[in-house]
Amino acid sequence: MSKKKKQQKAPPKRTSKRSKKMGKAPGSVIYMGNREGAKSSVHVLEYNENQIEELDLDVYQEKEYNKIIALKDSPSISWIDVIGISDEALIENLGKSFDLNMLSIEDAVNTNQRPKVDEYDNYIFSVFNMLYLDHNNELVQEHVAIILMENTVLVLQELKDDVFDGVYNRLKNKMGRIRARGADYLFFALLDAIIDSYFVVLENLNAKIEILEDEVYEHPRPDHGKNILELKKEVLKIRRWIFPVKEMVSKLIDSEHPLITKDTKLFLRDAMDHSTEINETLQVYREMSMSLMDMYISNISNKMNEVMKVLTIMASIFIPITFIAGVYGMNFDYMPELQFKYGYFYVWGLMLLVFVGLLVFFKRKRWL
Amino acid sequence: MSKKKKQQKAPPKRTSKRSKKMGKAPGSVIYMGNREGAKSSVHVLEYNENQIEELDLDVYQEKEYNKIIALKDSPSISWIDVIGISDEALIENLGKSFDLNMLSIEDAVNTNQRPKVDEYDNYIFSVFNMLYLDHNNELVQEHVAIILMENTVLVLQELKDDVFDGVYNRLKNKMGRIRARGADYLFFALLDAIIDSYFVVLENLNAKIEILEDEVYEHPRPDHGKNILELKKEVLKIRRWIFPVKEMVSKLIDSEHPLITKDTKLFLRDAMDHSTEINETLQVYREMSMSLMDMYISNISNKMNEVMKVLTIMASIFIPITFIAGVYGMNFDYMPELQFKYGYFYVWGLMLLVFVGLLVFFKRKRWL
Amino acid sequence: MSKKKKQQKAPPKRTSKRSKKMGKAPGSVIYMGNREGAKSSVHVLEYNENQIEELDLDVYQEKEYNKIIALKDSPSISWIDVIGISDEALIENLGKSFDLNMLSIEDAVNTNQRPKVDEYDNYIFSVFNMLYLDHNNELVQEHVAIILMENTVLVLQELKDDVFDGVYNRLKNKMGRIRARGADYLFFALLDAIIDSYFVVLENLNAKIEILEDEVYEHPRPDHGKNILELKKEVLKIRRWIFPVKEMVSKLIDSEHPLITKDTKLFLRDAMDHSTEINETLQVYREMSMSLMDMYISNISNKMNEVMKVLTIMASIFIPITFIAGVYGMNFDYMPELQFKYGYFYVWGLMLLVFVGLLVFFKRKRWL
Amino acid sequence: MSKKKKQQKAPPKRTSKRSKKMGKAPGSVIYMGNREGAKSSVHVLEYNENQIEELDLDVYQEKEYNKIIALKDSPSISWIDVIGISDEALIENLGKSFDLNMLSIEDAVNTNQRPKVDEYDNYIFSVFNMLYLDHNNELVQEHVAIILMENTVLVLQELKDDVFDGVYNRLKNKMGRIRARGADYLFFALLDAIIDSYFVVLENLNAKIEILEDEVYEHPRPDHGKNILELKKEVLKIRRWIFPVKEMVSKLIDSEHPLITKDTKLFLRDAMDHSTEINETLQVYREMSMSLMDMYISNISNKMNEVMKVLTIMASIFIPITFIAGVYGMNFDYMPELQFKYGYFYVWGLMLLVFVGLLVFFKRKRWL
Amino acid sequence: MSKKKKQQKAPPKRTSKRSKKMGKAPGSVIYMGNREGAKSSVHVLEYNENQIEELDLDVYQEKEYNKIIALKDSPSISWIDVIGISDEALIENLGKSFDLNMLSIEDAVNTNQRPKVDEYDNYIFSVFNMLYLDHNNELVQEHVAIILMENTVLVLQELKDDVFDGVYNRLKNKMGRIRARGADYLFFALLDAIIDSYFVVLENLNAKIEILEDEVYEHPRPDHGKNILELKKEVLKIRRWIFPVKEMVSKLIDSEHPLITKDTKLFLRDAMDHSTEINETLQVYREMSMSLMDMYISNISNKMNEVMKVLTIMASIFIPITFIAGVYGMNFDYMPELQFKYGYFYVWGLMLLVFVGLLVFFKRKRWL
């Protein structure tokens, strides 16, 4: 089973991910993400109520590979975490060893796959978008497939992340009753961890919206239009990643698949509440990003108004008195006012009168 | 049962509330609100048709604590009101003593919990947002859990508020048939009191909208854009708090849980009407806040229009006559008009003609 | 049964209507409208296919009151019309005498009640908003409760209006088969009269929209923004009053209550069509009021455009030639043009050239 | 049966059509359209697979009237086309002769009736809006009722139009299998002809939208706002006329009425597709008319921008150099530059420099 | 069977495609597209698990025509691809030979047909819009009908395109299990190929949106309004073409037609996911094109703001100092400043002061 070779043969083609799938049969195992080239590693937690064993296995060594496969027949519960799914041949083999349908294996590595849950006779297959913030507070989206089998939960994910750390700790430290419950509870616990992490992403999004809101209000800049549009696109993007989860959980609650116990459904009902809340929150963010654009446009108009007022006041005040000055700059032979002794001062008086009169006029209009 | 100690041990951590839950098992009892530190107090009304007893019990004393727990087995109906839910350990103990599922106990102190109703074999669990105005007319949102058990209604709330005062008075003064009915009617009465209080909040919101509407119309100011946005956000926020209630009541009406009698369903139908009305009202407010933005933008444009008209009239009238003055300010050796005896007056006449002509023009355009 | 006394005891409190209900038990009979103080009067039509009797009864006299109550056991059909529902004690007594549920009595006088239909074992309770135009073409909204019992239709309404005149005339003059049909047909006939009156209100609304549309198009004024908003609010208000009726009729059609015969359901299907049409019309009006705002805003912009064009043309034409005049107003010792014999005329020529050139330019731009 | 007399008695009242119905019983036969006064004429096609007979009957002569009524009992299939439905008494008589319910007869002449299909034991009643373009390409809306009975299709329509010409030709010329099929196929064929004619109306609407789009883009005029609003109203109007048809066809497909055979349902499925397509198209037109308003508003702003640029360029270039000229028009006794030999030319140079500098500045800003 | 003749007889009429159908019976075979005049050609793949045969048949020769018809009774699976469907008579004959319902044959050549799936006893009929980009990256829409019969898939399409190339290759090269599966899998594979090609079209659309977005942001031009509108129309158009596919696949999954095996339904579930994703993506594009218009309008306003600022700054700075120059250009006999020795320089100083003061003022306002 020389996985390595196969991997090396794969040419470093770099065209549109989608087009790789064109003309292929459904069930073709093609990794669609951009975290390629890394070897897969497997991390296993095998436990029952009384003991827990942690293993790091080299999936490229036949012996250890077989050990992984053997876990599915063990009476204790196994959480098999495959990290790195770009080695298509390996994943395909693994999938077949676990008796997965080819369509499931395809979806497990298809990073474009919409979140979904599919029931098969011997397992329940689900795909999620795991979302979290990295050290630079940048949003990371990671494709993760969670497959619930009897006594085994197989997780296929792109990166070694820490969204599942809470579940790991609870298992290791025997917190709560997690070790006493079945594989379906572990499945739920992972799903719950993913949903919980969405809240962090939403909080981050909320912070972004509020900052932008303040900026737009205080000092609207021409590039805020672009920023608001980006924000809106981010909300739409996250919505597409997260939205189907509610429907998935609802499907699991209504499911009559023997792998999901009645007890776990009680917990799923809780997850359902959270998904509903998340979807409503996203809806609110969508509306708020739209309102933001309205406020931005109204603020631009307000700024323009202010500009126009300054122009109008300056022009309206000086244009009439400049006209007066112009009149007495005319060179007619006979202009009686010019000979008046205090003519010059009278004119200054007139101009002052006009000036003050217009100031009062604009004051009344509340433009000053 | 030294609750106090446990409470003191809790470190005064102050990070994002949400992140406290990350990685915790579902059913972890974590208070998510910001009304921390206060001790819980318990207020009990135990009644039947003929008599009523009122008790204030110190939940931190074992004897009184046991008295509370004993109430659930008493044949009279008890309304147990726990005020202050930030003492997580206490609430967890209480919940266990009342045979509540861990998920319910978690939701009872999770102030972010979306309103919901969950049925369990031995009780019905519900969570609401209680909304009312404080003395400064500021909106207060308070998390409240109401749990209907046989003969007992357990209420867990954050503050000692007065939304339930009406129910209290009716019980104390034996108004109507409330004392003759079962615990499910008490449950309904509390729910109804919460829904009634929403109307007050909506009236307040309506007043805000109307005031803003008048202001925007009379004297639009640049900060009105922000105000309208704030209003919209408030409507969205209240909507999220209130909206699920209709669905909850509908669920209770359709429920076949033995704790809810047919008689009480008749009353719930009434509560259903009110929830529907509230949701429709919120929808109307949402539309009105949107229209307000439209009117605000149109008013800014109108103001700009007015500014532009002033500028245009001033400039258009004085620019041509200033030109005329400029012409006769030229220093050509030979400019015949300059020597005309009444040249100066002729020019004044010309300028007046232009002036009046333009005035008439603008009058015709209805700009004056 | 000294109703009058009770009424007098009621203190003349005048706070928010809603708050009167706060803390009261459901089923508390509280009049919420603002047509208070008037005595109730009762008008009765008792008929069968062959004869009809019309009575005006003084409900405050015990004998006549009892006569009203006795009607429910009479084999002929009675239409009992109670006009004036602000006397809460009277209505409560009446309701009890007719074996109505307290919730129904409450809703009958609760003028804020959303239109609804409730089925009880012995009667069908419904609440409507009756809408019509008064002599000044002002919209009047009146709360009306119609209760269908066996052989009796009890109507509780605020004012002596004329929406039911058609039904009255048909009964009096034995037009159609109305007298030969049962109480459920009378119930339908009243419902149908209410729905018919909505069409008049909608026509009036349509006229308003069209007038405003013309005005906005011909001479947009700054207060049109406010007018459009008012219109929108009126559409929203009427929508809330009318919208639930379709659902109510649909509920009656699907109902299996023995009081509604199959024959009447055929007529209700007709009422259903009308409600659907009304709701669609309201939807159209809502869209039109929104479009109106768009047109209004575009018209303001158009006006501004026109203003700007005038300014631009005036300024652009006179500024260059004023500059030319300014040049020859300079006082340099040596300016050769000044000594040219026809210098002055040459400059006039130049200025004319610039003037005409710019006119042509603006003509080409279609600004003139 | 002197129909004519009755018709003459009807006073030429001309109030709102709707108010004619106020206070009338349901089932009152009142013509609501504005194509009054014409006599009704009846055109009959009686056919079976082998032969076809065409008749023009004078419905006002008792003998011919009876002949029409007799058709319903004939074994061949009859298409009875009543043209002109303003003679209410005649239509009422006809309806009764064909055993129609009064509600159906009312709807047959109620030109405001929303399209609908009603099933009765002995017939299926349907009302449509027939839409087509007249010789001036103006949209004509005509109310048409089609009633399917056993072996008979009764059509009541306002005008002698040509939407049914195709069906007529197929019957006359025995094209396809139309003559071999039952009355329900004829019913479908007429329905299909009506739906087909909608496509022509939609094409016309599309043409209007595209023309307006081009005009708005090329030369936006102030009245385009009004035009777009008119267009939107037309789309809304047509939508109300056409939209219910899909639901009607769907109801016919799901119907279990014995008059509709399984074969015809296959054809109705086809009509269903067309209705769906029409409704989607109308939805697209609605969105496009809204986008058009957006484009119109953006174009007005663009025009304004252009105007402002011209003004700004003209003013910004000439104002500084006019200032320079103004400076050297001052009359100070001691202004050294004035005595410079080439002072005048230096100033010209300076002014040219400023002129060119500003031109370059505006060029850089891409305003020129 | 002289197809050619018939085709030649057809007059080269060129009116609106739609109107060709007016008045025709349903089931009239009329080609509605604009790819007329070409002869039809037939390409056949006949295969079973072990062997595959490829044939190009001349459908205008009776012998080869009969060979095609004979395929439907062959036990191996046949993919019959008819290219060119404008020869209405030929298609009608072919359809009849394959026992297709006339309605299906009509829809097969009706290029305006909305995508749909219809079940008949002996076959399943479906119509799609095949979308792909040609060599110039222009979107090509092609009408294609796919008919699933026992052991045969009949495809009728307008052009010899390459969307099905992948399926062809998999069949020829025996990739995957496609040759081992039934005709229903081939049907699914073709459907899947069509859906896959939609993704390419969507990617192209996305690229267009992003380019336009950048352009609008960087250098908004007046024609961008038109471009955005065109984009929106394209999204609406593609949406109409693609949207019904999800519903079609869902119908196939729920179908109980014996021609679709349970295995294939598993694959259809996969196609369902893709359709859902496509529809969601289109929805996102729709929202984005709307946001784009908002950004465009806000950018126009920003540009205008900038223009206004330049004008205001230039005018506000020079108007006051030009006034000062004007004052000292007056010709009064007695103007003391004129005789001051340094009067001229004082005035320059004053003008400089005003100039700098205004610059500071505008700097403070952040306009510079």
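A, B, C, D and E label the chains in the order they appear, each numbered from 1.
As a working rule, a residue touches a chain if its C-beta (ideal position, glycine included) is under 8 Å from a C-beta of that chain, and two chains touch if they have at least 3 such contacts.
Here the structure is a predicted model, which is why all the values come from computation and not from measurement.
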The chains touching both chain A and chain C are B
Could you please state the distance in Å, as a whole number, between where the Cα atoms of chain C are centred and where those of chain D are centred? 27
Per the C-alpha centroid definition, the whole-Å distance linking chain B and chain E comes out as 44
For chain A, residue numbers touching 2 or more other chains are 297, 301, 304, 308, 311, 315, 319, 322, 326, 329-331, 335
Ring traversal (chain C first, then chain D) gives C, D, E, A, B
Of chain A, residues touching chain B in the complex: 165-167, 169-170, 175-176, 178, 188-189, 192-193, 196-197, 199-200, 203, 213, 217, 266-267, 269-271, 273, 276-277, 280-281, 284, 287-288, 291-292, 294-295, 297-299, 301-302, 304-305, 308-309, 311-312, 315-316, 319-320, 322-323, 326-327, 329-336, 366-367
Residues of chain C that touch chain B when the two form their complex: 16, 18-19, 21-28, 101, 103, 107, 112-114, 116, 118, 219, 222, 225-226, 228-229, 232-233, 236, 240, 293, 296-297, 300-301, 303-304, 307-308, 310-311, 314-315, 318-319, 321-322, 325-326, 328-331, 335, 337-344, 347
